[in-house]
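Below, subunit A partners subunit B and then partners subunit C, in two separate complexes.
Moving on, here comes the complex of A and B:
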C-alpha cells in the first residue's frame, strides 16, 4: 500500500472500529462479566458461577432452553418444506414477468412489520376470530374455538415470519440449475421423485444450508411471535431473558441466559458452516 | 422446466395464501363499522378518523420516523465505509475479526443486542430516550447496509477507480466522483432496508428506550396485548399500503435503471 492510501485506510477504519468496539464488543464483554458475578448485598458483588449453576440445575430454565432449541429446529424444517415448492415454482416454472411479480409478492410481506403480520394471525385464530366463526358457520364446531396461545399457533407464526429467508436463497441456487440437466434426468428414466432427490436437492444444497441457518437463528432469537401467539406453557428462551431483565431486574441471571443463548446459536451456526465448508459472509450475502 | 404439475401449483397457491391471508384480513376489517371481527356492520372509515385523533399514536409515529431517519442515515454512511474496508482493503491484520464484528449482529438474537446495549447505557449513565434508540438501531442496521453495499462493490470494476487516481484524484475524490455514483442504487436500497428495519423493530427499541420515547411498534404491541383494537387494524393497513408502494416503486426504478444501463452498454460497444 502507498503511504497515502494507508493513511486514508486508517482514517476510514478508525471511526468504524471505535463504533463497533464501543457498541458491540464492550457491551458483550460487559454482559459476560455481569453473568459471572453474584449479588451479596446492596451494591456489593462477588465473582461467582452461581448464575450458571442456577440456570443449569433449575428444571424450568433447562426445559425452556431445550424446548426453544427443539421447536426452532422443527420450525426450520417446516419452513423448508413450505418454501421449497414456492421457490422451485418461482425459479423454474415461472418465466419473465410472472417470475418477477411472484418474487415481489414474496418480498412485500417481509417488509411489512412483523408485528402487523402477527396481529393478522391473531385476528384469524382467536376465539372470536375469523376461522373460529367460519367453523361454527359451516358446522364443524358448535361453540367458539380458541386456536391462539398454543404451540401450533406459535409454529404457524414462526414459519410465516421466516419463510422469505428460506425462499430467497433457494430461488438463487435453483435458478443456477440448468433446465437441461433436469430434462436429462427424466430422459434417463428418472421419475419426479428421483430427479428431485438426485439432481435438484443436491444442487440446491448451498441454498438449503444458508436458508436453514438464517431461519433457525431467527426462530431461536424470536421474541414477538412466541409472546403474541404462544401460550402460558410455550415459554420461549428470549421471553425468559426479557423477564429476568425487565420484570425481575435480575441482571445477573438474565445476562447468564443471554450468554447461553449466544453460545448455543454461535455453536450451531459454526457447526453448520463447518459441515458444509462455507463462510459466514458467503452465507449471508 | 416445462413439466407442470398440479402438486406444484397447489403448493404455490397454498404458500401465497399463507403469506397474504393475514394481511388481507387486517385490511378488510379496518373498514368494518363494528368493533367485532365476526360481524360485518358495513363500510366505514371511522377507525382511521379515530386513529388520527389519538395523540399518543401520533407522538409515537413522530418518534419512530425521527429514529428511523437518523439511524438509517448514519447506518448507511458507516455501513458503506465498512463495506469499502472489507472489499477493497485486501488482507489487513484483524480483517477476520473486523468482518466478524460487522456480520455478528446479523445472526445474533435481537434480544442479546438489545440487552447488551441496555447494560452499556446504564453503565455509562446515559439517559435512555430517542438518542439511545438511534444509537442501537444504527449499530444493527449498519451490518445490513454493509452486506448490501459490499455485494455491489464486489462486482465493481476497480480499473475505473484506479483511472481516477492516475488522473490525479485523491482517494476521497475518486470515491465521491467515480465509485459513489456507480454504487448509488445499492447505497439507496441499503438506506431503505435500514429505514424499514428501524420502523419495524420492537425488541431492541424496548430495551433501549426510555420514558417519552415510545416508538410505534412498542405502542402497537402494548395495544394488541390489551385486546382488540380496530384502530390497530387501520394503522396496520396504512403500514401495509406504504410498504407495498415503497417496494413496488423501488423494484420498478431498479428495473428501469438496469434496462437503461444495458442500452448504454450496447451503445458503447457499437462506438468501440
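Moving on, here comes the complex of A and C:
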C-alpha cells in the first residue's frame, strides 16, 4: 500500500519536475552562464562581469529599467482602482443571472488574442481613428487629434489588458464576505467610508495582493502593448531585451538584462508583501 | 497472391520515392516563395517545401540559437553573411558548380560571391535585390523632401516615419555628406560619424510621428495620410502607388541604399540537394518573374526582366533614372563590432526626449 502511494506521488510529481526543470531551471542556468561572459573576438569568450557593469553604469539602461518599474506599478494601481468597484458590484450588488452576465462581459475581450485587442485600441486612438473623427464631428476639435504613441495610450492598453486578472481574485474574495458583516458595520454607526476601510478592504486584502502581483508581473513583462501603443517614446525593458537578443545579436547583455528584470520583479513583489504585512503563503493559500 | 505482390511493389516504390524526395525547410522573406512557385517545384521534383517567413535579424538569431540547424536554406542579405559566419559558423560553403550559373546576372553573382567569401569558401549567391530610400506623398511632401535629412524639415513635422534600424543611420550619414561605408574598416572614424548622426536623429525626433516596425504598419500610416514622408523599401512605395498615384518611391539625392538577399546553406541543413534544386528552379527567368510579381523586387536571374509585369517596370523606371541607378550605394559586408556601436546609438535615440 505504501509503495503504491509512493509510485502515485512520483507519477504526479514528474510532470511538474520536468516542466520546472526543462523549461525554467535549465534555461535560466544557461542564461546565467551567458550573462557572465564577454566576447573577446570571433567565437572567443571569457568569463567576466562586464555585462552587469555595462547595464548598471549606462544611464540609458538604468533609466529604462526604472521607468518600466514605475510605469508597471502605476498600471497596477490604476487597474486596482478601476477593477475594485467593478468587482464589488459583481460580487455584492448584482444578483443571479445579472452577476453571471457581468462576469462573462469581463471575460469576453479575452476571447481574442492580445494582438487583436491592441489593434483595436490603435483603430480607436489613431489620428484618422474613431475617437478623433467623432471629436471633429461633434465640434470638440477642428483638426485630427493624435492620441496614439504616448504614455497615456500605453497605460490605457496595459490597464485594459490586465483588468480581468484583477477582477477575478477580487470577486472571489468579496463573494466570501458575509453581507451581515457589512450590515453590522452600519448598525454599529459606521458610514460608507469607514465600512469600506474597516471591513471590506481588510477582508478583500488577499484578493488585492494576489491580483496586484499578477497584474504587475503581466505589465512588467509585456512586450506588445508598449511597443505598439507607445510608439516612438515607448521604452520598455522587455523591448531592450528583445533588441539585444535579436537585433543586435548581443546575447550576453540581453541575458544580463533578463536577470536584472527577474531580480527587479522579485524585489518589488517582496516589497509589496512586506508593505501589506502578508506572507506569500497567506496570499497564495 | 498477385495482389500481395502488387501491394508490396507499390510500397517499395513508395519507400524509394520517399528516400529521394526531401523536405526543404526554407527560411526566407515574405513574397520570396509564393504558393504557385512552391507547387510547381513540388510537382517537378517531388520535394516538399516548408516556408518560414522572417527578416535578417531573426534569421541570424534563429540559426545562431541552433548552431545552424532547423533549416536547409536561408536568405539573409549579402552584408549579413560574412560577419555571422566568422562569428558563429552558422553556414556551410556553397558548391557553386552544382548551380546553373548561366541563370544569374554575371556581375551580381560575382559581387555577391566576393562579398560572402570567408577563408576562400563561397557562402552565398544572390537572389532578390532592391533598394531603400524615400517613400513620399509627392503632392504634399515632394517639394520639401529630396534627401533623408529633409525628413527633419519643419514643413513635414509630425508627418514623418522611419525605422530605428541601421539603414536609417547609414542613409542619414550619406545625406550628411559622410561616407560610412568607407569608414567600415576604421572603428574610431565610424564612431565619430555615428555620433554626428545620433545628434541629428535626436534633433529630428520631434518631427517623427512614430518609428515604424513592420511594413504593414507603414503602409497603413501612408495610406491614411497620417504620414506623408518616410524612409522605406522601393517595393512599399510602388505597391502604394497602385492605390494612390501621389505616393511613390523616390531615390534620395545622396543615393538609394542597395541590398541583395542571398541564398545560404545553414551549417546543419539536411537537404542540400533539394536546396540546390530550389535555387536552380527559382532562378529560371519565368519563375523569377513570378517571384518579382509577388515580392515586388527584381531578381538576379538573367533575362527575367522580359517576363516582368509592365506596370512594375514603368514604376521602376520612374523612380530610377540612369543617374540614380549609378548612385545606388550597395551595402558592403558589415565588419564585427560596428553593430554594437550602431546599437548604442539607436538605443540612445529611442530614449531621447
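Throughout what follows, the second predicted complex is superposed on the first by the 251 of 285 C-alpha atoms of A that agree within 3 Å, B and C clash if a C-alpha of one lies under 4 Å from a C-alpha of the other, contacts with A are read in each partner's own complex, and residues count from 1 in each chain.
Operating definition for what follows: contacts are C-beta pairs under 8 Å (C-beta built on N, C-alpha and C of every residue); 3 or more make two chains touch, one makes a residue touch a chain.
In this text the structure is predicted, and so the values were computed from the model without any measurement.
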Checklist entry - Should the pairing of subunit B and subunit C on subunit A count as a clash or a fit in the superposition? => result clash
Next on the checklist: After the superposition on A, what does A:146 contact: first (subunit B), second (subunit C), both or neither?
Outcome noted: second
Item to check | subunit C versus subunit B, contacts on subunit A by residue | outcome: B
Next on the checklist: After the superposition on A, what does A:128 contact: first (subunit B), second (subunit C), both or neither?
Outcome noted: both
Checklist entry - Is A:241 touching the first partner subunit B, the second partner subunit C, both, or neither of them? => result first
Checklist entry - Which partner does A:65 reach: the first (subunit B), the second (subunit C), both, or neither? => result neither
Next on the checklist: Going by the contact rule set out at the top, does A:88 touch subunit B (first), subunit C (second), both, or neither?
Outcome noted: first
Checklist entry - After superposition on the shared chain, which partner residues are touched by A:165: those of subunit B (first), subunit C (second), both, or neither? => result neither
Checklist entry - Quick one: which of 57-65, 129-137, 219-227 or 255-263 on subunit B sits on top of subunit C after the fit? => result 219-227
Checklist outcome for this item: So the subunit A residues that subunit B and subunit C both touch are 126, 128, 245-246
Next on the checklist: List the residues on subunit A that touch subunit C in their complex, please.
Outcome noted: 42-43, 60-61, 63-64, 126-128, 144, 146, 148-149, 227, 231-233, 235, 240, 243-250
Item to check | Partner subunit A, residues of subunit B touching it in the complex | outcome: 1, 3-5, 7-9, 11-12, 14-16, 18-23, 25-26, 29, 36-38, 78, 81-82, 84-85, 89, 92, 98-112, 115-120, 123, 135-136, 139, 142, 147, 150-151, 171-172, 196, 199-200, 202-203, 206-207, 217, 220-221, 224-225, 228, 232-233, 236, 239-240, 243-244, 246-248, 251, 255
Item to check | subunit C to subunit A touching residues, read off their complex | outcome: 57-58, 60-61, 64, 84, 86-89, 158, 165, 205, 208-211, 213, 224-226, 336, 339-340, 343, 346-348, 350-351, 353
Next on the checklist: Using the touch definition from the top, list the residues of subunit A that touch subunit B in their complex.
Outcome noted: 4-5, 8-9, 12-13, 15-17, 19-20, 22-28, 30-31, 34, 82-83, 85-86, 88-89, 92-93, 100, 104-109, 111-117, 119-124, 126, 128-130, 133, 160, 163, 179, 182, 186, 192, 213-214, 217, 220-221, 223-224, 228, 238, 241-242, 245-246, 251, 254-255, 258, 261-262, 265-266, 269, 280-281, 284-285
